[in-house]
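Labels run A, B, C, D, E and F following the written order; every chain starts at residue 1.
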Amino acid sequence: MKMIEYTDAPPRVRAVYDDIMRTRNIDWINNFWKVLASDPASLERTWASLKAIMAPGALDPLTKEMIYLAISASNGCGYCIASHGAAARKAGMSEAMFGELMAVVGMANETNALAQGWQVPVDERFRSRS
Amino acid sequence: MKMIEYTDAPPRVRAVYDDIMRTRNIDWINNFWKVLASDPASLERTWASLKAIMAPGALDPLTKEMIYLAISASNGCGYCIASHGAAARKAGMSEAMFGELMAVVGMANETNALAQGWQVPVDERFRSRS
Amino acid sequence: MKMIEYTDAPPRVRAVYDDIMRTRNIDWINNFWKVLASDPASLERTWASLKAIMAPGALDPLTKEMIYLAISASNGCGYCIASHGAAARKAGMSEAMFGELMAVVGMANETNALAQGWQVPVDERFRSRS
Amino acid sequence: MKMIEYTDAPPRVRAVYDDIMRTRNIDWINNFWKVLASDPASLERTWASLKAIMAPGALDPLTKEMIYLAISASNGCGYCIASHGAAARKAGMSEAMFGELMAVVGMANETNALAQGWQVPVDERFRSRS
Amino acid sequence: MKMIEYTDAPPRVRAVYDDIMRTRNIDWINNFWKVLASDPASLERTWASLKAIMAPGALDPLTKEMIYLAISASNGCGYCIASHGAAARKAGMSEAMFGELMAVVGMANETNALAQGWQVPVDERFRSRS
Amino acid sequence: MKMIEYTDAPPRVRAVYDDIMRTRNIDWINNFWKVLASDPASLERTWASLKAIMAPGALDPLTKEMIYLAISASNGCGYCIASHGAAARKAGMSEAMFGELMAVVGMANETNALAQGWQVPVDERFRSRS
């Protein structure tokens, strides 16, 4: 797997790396971006979307990182669990919060399977709202 | 799909229905439980787990419902999106929060696929922690 | 969605329909095959594989149908849950068996998510075997 | 990844470990539980559910373990494939049975995708039942 | 489900609708965008990414639409199968091509499950390359 | 994991290995087949289906390999990404094509989640066609 280091990066890639480090207030680039840098258009677009989506808004950054981690755990993406687990902890997730987060993820996957397998029809009360 | 109504429910099922209504402070039972009631052991166990997991703890109920909704959206479980979407709104999720929640879910699914497809190796810095 | 009925089917498709009805000892064709018949090569290949895989062997037909149903429930494929649920019931699955089957499917999805999210390392004892 | 060994476990965790070893008639604890023990409430709840669901009932333990393994293979959970593969073999699954099990899992994933991609409508005959 | 029609759309949303219709050379907006318009930031970002990714490049638009459709079928997203099926047909996908596309999607899902369930180790020859 | 080498293979397995090498014009067998050879019926059936499905038809081999790779990346099957990534490159996929392929796969997974989470109703215009 080719990874493009900062010193070898063309200006277009280096600009993204600089923005990542500035935005996150860190001095290194994690492998996801170094790999994606082989396709500079994907690198730029993915970072721009991630930066916008994860910025504080109606939801705070910790909640957003925990949701990201929840999806990654459910999908079994090892890299994403490692990177977003680290990000969530940096944003304030305690071990107790992680334990409860995983419990909700596990339970949701269990009842998703039950609702689908039993073919539960949606309640009228839920339909009227959504 | 057979659904067991309160008036037709045997005592074991009725006890669960009563606890659901008391815990949630509502006066009706949604279809998921009425369908699952065909297997009383599953009904009891699933409700007991859900009640314990979704109670306030290190994470507040709104955050838990949003995580539940995030997993359900990612898995494409229509019933679960409807029921936990309603629960999250009742717990305080605004439309702006829902929009950001979905954006994070979408982004996580996108980058999960990218990290897997590009086969990104986990950074040593992430390994040392997790 | 175009569906090819027996009377309109070309000989190549009709031969598959005849084999399905003979093998299953029934007098009708379910929609899956009528839709797939638009691509006769897929129809032939899919039926040939299904017929071979679902025949009695080291596992009996009921166990095979229940496994098929388990996967379909986990994947949330509505059509597959309906058709393989009917097949499993025809092969002898009782409602009590269905309830326990769904409980196992739900539990497996829950602990799959937990094992992935917590990133549990595989035990040496398990590695030596598999 | 922190794992809590028996000798370091607080009483609440040790009680679960003891019940796991007694129920399974073994003298060691696999990593899943040692990792989950960081969140004792999750450990207790997950073990209690698993113990109840996997006990003999309308389905025998071998069938239950094979269904568990089928879901784990379909979800690509490496840890779960290793642990439930071992459990299924211990419960009597032969290599021939494993081969057929995997064939059914593969076929179900194939036709699930076909039924969804071709958007096959559910037959009236199936609807009337489920 | 709230959908924002062109005539009711605020300028920010209308600008995206105009660009969608201009880019695709059509005179209507499909429901995906009308629903997403409830969150204008998501609407803008999602359209900008989709427009850039689906433009002709190293891959032609037909190939891109078929890949999009393949993922949607594999994930069982009904809306996405309908919309990207229509887009792929408009871009030149014949029924024979659709049949083969679905066959590949089905086969990939089958062998993905087999490779995971059998826990096949990656060949050294493949590692050296990727 | 047991792998059956050519020199140790029984005639039934060797016949499949010979056909794989002849069809692909190579002189080695990758691990997937060596593992699957423990179940000769699965080996024969899986190879026969794969050979037929991946042959040139309405879609060319490169497009088929890229679709296979797209599904494998979306499912997170490491072995399949390695083997079909190699196959796609051998069939002519450039690094630029791979980058765009991954971008489409990522985007499709993102909008699949959005369409499901927002519960977008299918447009009448799409229904009339499919």
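Keep this in mind: a contact is a pair of C-beta atoms (placed from the backbone, for glycine too) under 8 Å apart; a residue touches a chain by one contact, two chains touch by 3 or more.
Since we're looking at a predicted model, the values are computed, not measured.
Where touching is counted per the definition, the chains common to chain B and chain C are A, D, E, F.
Taking shared numbers over all numbers used, the chain C to chain F interface scores over half, which places it in the same class.
Listed candidates were C-F, B-C or A-C; the one reproducing the B-E interface, defined as more than half of contact pairs identical by residue number, is B-C. In whole angstrom, the spacing between the mean C-alpha positions of chain D and chain E is 34.
Per-chain CA centroids place chain B at a distance of 21 Å from chain D. One inter-chain figure worth recording: chain A and chain F are separated by 27 Å, centre to centre, where each centre is the mean of the chain's CA atoms. Contact with two or more other chains is made by residues 1, 41-42, 45-46, 49, 53, 74-78, 81-82, 96, 99-100, 102-103, 105-107, 109-112, 114, 116, 118-119, 130 of chain B. In the complex of the two chains, the chain F residues touching chain A come out as 76, 95-96, 98-100, 102-103, 106, 119. Contact residues on chain E toward chain F in their complex (touch as defined above): 1, 28, 30-32, 35-36, 42, 46, 49-50, 53-54, 57-59, 63-64, 66-68, 70-72, 74-75, 77-86, 89, 94, 96-97, 99-101, 103-105, 107-112, 114-116, 118-123, 125-127, 129-130.
Note for the complex: chain B touches chain C at residues 38-39, 41-42, 45-46, 75-77, 130.
Touching chain E in their complex are the following residues of chain A: 1, 41, 45, 49, 52-53, 130.
Of all residues in chain F, only 69, 73-74, 76, 78, 81-82, 102, 105-107, 109-114, 116-119 touch chain B in the complex they form.
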